[in-house]
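Two complexes, one shared chain (chain A), two partners (chain B, chain C).
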Partner chain A sequence: MTQKDIDGLVDVKNGFISRELFVDADIYKQELSKLFTRAWLLVGHESLVPNPGDFYTSRMGEESVILCRDKKGEIHVFLNSCRHRGMKVCRYEQGNTSLFTCPYHSWTYTTDGKLQGVPLYKSLYDGVLDREANSLVSVARLCNYKGSIWATWDKDAPDFLTYLGDAKAHLDQALDCRDGRDGGSEVIGVHKWVFPANWKFAAENFLGDTYHNPSHRSVDLIGIGPSAVSGKKGRRDNELEHAQHVWISFPAGHGVHSAIQPEANEYIESFLDNPVLEQYFRHCYEERKRRLGDGARLMPFVGTIFPNTSYHGRQPRGLCAWHPHSPTSTEAWRFFLVDKDAPSEVKDYLRHYYMRYSGPAGMTEQDDIENWLYATAASTGTIARRYPFNYQQSMGAYTTDHPLGGELSLQVTEQIARGFYRRWASYMRDADWGELLGLPAGNREAAE
Partner chain B sequence: MSSALSQTKPIPAEKCAGNPSIARTEHYYRLKADVEDFYYYEADLLDARRFREWLDLLTEDISYFMPIRRNVKFGQHEARENTRRGEGISWFDEDKWTLTKRVDQILTGVHYAEEPLSRITHMVTNVQIKDARPNLDQAEEVDVASRILVYQNRVEYETYTLVGRRNDTLRLVDNSWKVCRREIILEQNILLAKNLTMFF
Partner chain C sequence: MINILALKPGDRLQLRERILAEVTQNMEDGMWVEVRYLDAPNEADKGLIELCHAQDIVALLDGSQPV
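Right after this comes the complex of A and B.
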């Protein structure tokens, strides 16, 4: 895409983003080739493959990949396509195996992706076929970050933590135990569903689009939170009642909505419907405060790690990958997280809460999806496409010298979305990694 | 029972799927007709959007469950194909409180995923009594298997057809049937519908 094309689509300065980004087949194709081949993408979680030989089939962009723990215990991610004629070598979702046997002509691959068996090798291929060069296609880089597995197809991509930048402190809180210990979470289930909306609607929803709150009026009226039976309205308990909410756009395109608790930082009663939970979360809160000190004041809420991974840092806690499925459809995968060593009553309560909140049967998320669908559908028209979306909310209302980094706003803002599309434009023009990370021009070499 | 039916030779118990004590006797067919009638009434309430009255057809201790189905290797279906009631994440694993909340939400009039309301038809077929307690003659609790087809049309162009199996336990309460346990098994892996706002 030329600079001129991109300027016509993404006008961050004036706050306009073309609808073409959400409906156009050509732009979608370019996203697949320029963006999803370079950015770090969420593949899964180590708790899905706890033992040697365990595999879990996942997706990166539009393509199927296999997340696999080899015999030695090392984690790999491969393209799920045979090197011979492309047959999908694994069509099971999850399991344990010592070999992947291609159903088509029976080439076999070991759990570290190496081509092992080739029927009639001696008579048909001897001296020609290089097994090593015909392994399953591996991702270029892989990272197990606190149990969450990320990968990129770009060998020149910076390491994952560099990619995350200052968004790390926020994502951490989705991945860490409630009592502040590093990691220690497990996936208790995965939702997968397809909905007819462009993937960026979903990504943007979690980029601090707090403004869409009114769309959840129905669930707020009836109350489904952890203290709903005790009479509290709303879709969750307001644990951040006294906190200073912050909305931060990070230079690599990530965005978060978090909150900073006041200095006194006292536990706010939530989970009133169940004394075991109330006690557990109160205990975790105090422990976290003890462990992290002043750092415990930072509370996560939601965010999107560029381009298509979103998280819920409190409840319903989890990671969500918004896989592109077509210009106007998305395949959503939501991985629900709990502390691995939480009491079973806590886990049981949380899974129920997650199910009634999230996903296609979730009383909250249903209304989100409805909006994404009809916003996509009503933007496909010739006339509609002439009129860009408006992103002028809270223009300029941010600071760049807050200790949390990024462009930080104390009010609801579309600055995060503007930051997202600024970075989206960099990928579209094949920018170098210095620009993709949003480094100031002077510091760019360091990243390459 | 009509004379035509009572003249039919009952299917011997060992040829009936499920509990072999459920032979196709006259009592069986009478009970089945009764249960079918109940299902038609239930479908009518749902399709007429009489959600509150539908809730009355569920016992207070109802367990309402829809597993997520997985692609598993031959031989592992029994153990791993469906997520389980009471464990992890499914599409639904609910009680009366949550189902009531779902109805309350639709009735707010601002649940946009059902506003405007969808047009929905429920078809129930292949009804078979799998067990009756204490017996077919004086059943107070029955296990029933059926197939269900739920057609949804939303706003203008959106349509979804969800097809699956349903395994129920019905209980006689004050002389009418109520659902006390329901399992809905959709024939899908990745859900090919944006939302599950309807009841099954």
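Right after this comes the complex of A and C.
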């Protein structure tokens, strides 16, 4: 894709993005080859594979991968495809095994990916087939970040923390225990479903598109939050009602909506429908303040780690992967997170709340998906494609000198979306990693 | 036909290519067993631990299973 082609699709300066990005098959194919083969992608969580031999089949882009813990306890991610004729070597969603055996010709791999068994090895291959060279294809880089497992196919990609940049502080809020300890979360369940819309609708929605709040008005009126029965309306309890909300576009394409609590930083009653929950979260709040000090004032809301991983940071809490299926079809995966050592009553309560909010049956998620699928359907027509989407909201209304980094806005803004598509364009141009990280030209050499 | 699921560690097998082997582990997937090569035309192969596919087994030796 040439610079001219991209300029015609992504006009960040003037705030226009072509609808072709959301419906065109050729652009979609190029995304798979230029973007999903290079960016760091969320594969799963270590709590899905707690024991040696445990596996969980996941996706990177359109391709099936196996997240696996080998006999020695080391975590791997492999392409789920036999080196002989390509058949999936694992057709289960999750389980425990000592071997992955291809159903086609029975080539068999150990849990660390080595080709171990080849039928008639001595008779037909003279016992000299290079089994090492025919191991399962492994990702180029893998990172276990606070239990969440990320991988990239690009051996030249920077390490994951460099890739995250200043977005780390915000993702941490979703991954860490509620009392401020590092990590310590577990996945309490995964929802998977397919919806007929381009994957970028979902990724963009969670970058910090607070502007779409009116579409959830009916849910807010009903009240589905953890204090709904106690009379509090809304999708969640308003834990952040005194906070300064911030919207930040990071140079690598990530975007977040977070909040900074006032200096007094007092606990606001939440989870009033259940005294055990209320006590647990009040305790966690005070513990977090004690551990993190002034840093505890930063609270998460939502965010997207470029390109297709989003998170909810508080109520509810979880990670989402938006797996591309086609230009107009996406498979959504929601990994719901809880503190691993939380009381079982807390976990069970949260599980129900998460399902009420998110996932295919979640009331808020249904609102979002309805918007995305109708926007997709209404953008596929010949006439519709001639008219780009408007991204001119809050142009220039940001600062670049805030301690949280990035381009930070104190008002609802599409600057984050503009930053996302600016970086999308860099991938489509096959840019070097200096540009993909958004480094100033002078600093790029050091990153390479 | 050998019922591979019934093989136990210690069972001795005649394999193709004149290899004699002993079962060291049965993963009970109905397809593979782990074996140690006791005797093989290639001296270097003796003592090797290998996966052995059902198709490679010619006969069960010293056992009760019909071959």
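Here, the second predicted complex is superposed on the first by the 446 of 448 C-alpha atoms of A that agree within 3 Å, B and C clash if a C-alpha of one lies under 4 Å from a C-alpha of the other, contacts with A are read in each partner's own complex, and residues count from 1 in each chain.
Heads up, the rule we're going with is that a residue touches a chain if its C-beta (ideal position, glycine included) is under 8 Å from a C-beta of that chain, and two chains touch if they have at least 3 such contacts.
No experiment lies behind these values; they were computed from the predicted model shown.
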item	value
Chain B versus chain C as contact partner of A:Ser138, first or second or both or neither	neither
Touched partner set for A:Gln393, first chain B, second chain C, both or neither	neither
Contacts of A:Thr108 with chain B and chain C, given as first, second, both or neither	second
First (chain B), second (chain C), both or neither touched by A:Ser47	neither
Most chain A residues touched (candidates chain B, chain C)	B
Contacts of A:Asn238 with chain B and chain C, given as first, second, both or neither	neither
Chain B versus chain C as contact partner of A:Gly117, first or second or both or neither	second
Contacts of A:Gln30 with chain B and chain C, given as first, second, both or neither	neither
Residues of chain A contacting chain B in one complex and chain C in the other	none
For the chain C and chain A complex, residues of the former touching the latter	15-17, 19, 27, 29, 31-32, 42, 45, 50-53, 55-56
Chain A residues touching chain C - in the complex, by the definition given at the top	98-99, 101, 106, 108, 116-123, 127
Chain A - residues contacting chain B, complex	91-95, 188-197, 215, 217-219, 221-224, 228-229, 331, 336, 348, 351-352, 354-356, 359-361, 363, 366-367, 369-371, 373-374
Complex interface listing, chain B residues touching chain A	66, 68, 70-73, 76, 83, 86, 88-94, 97-98, 101-102, 104-105, 108-114, 155, 158, 189-197
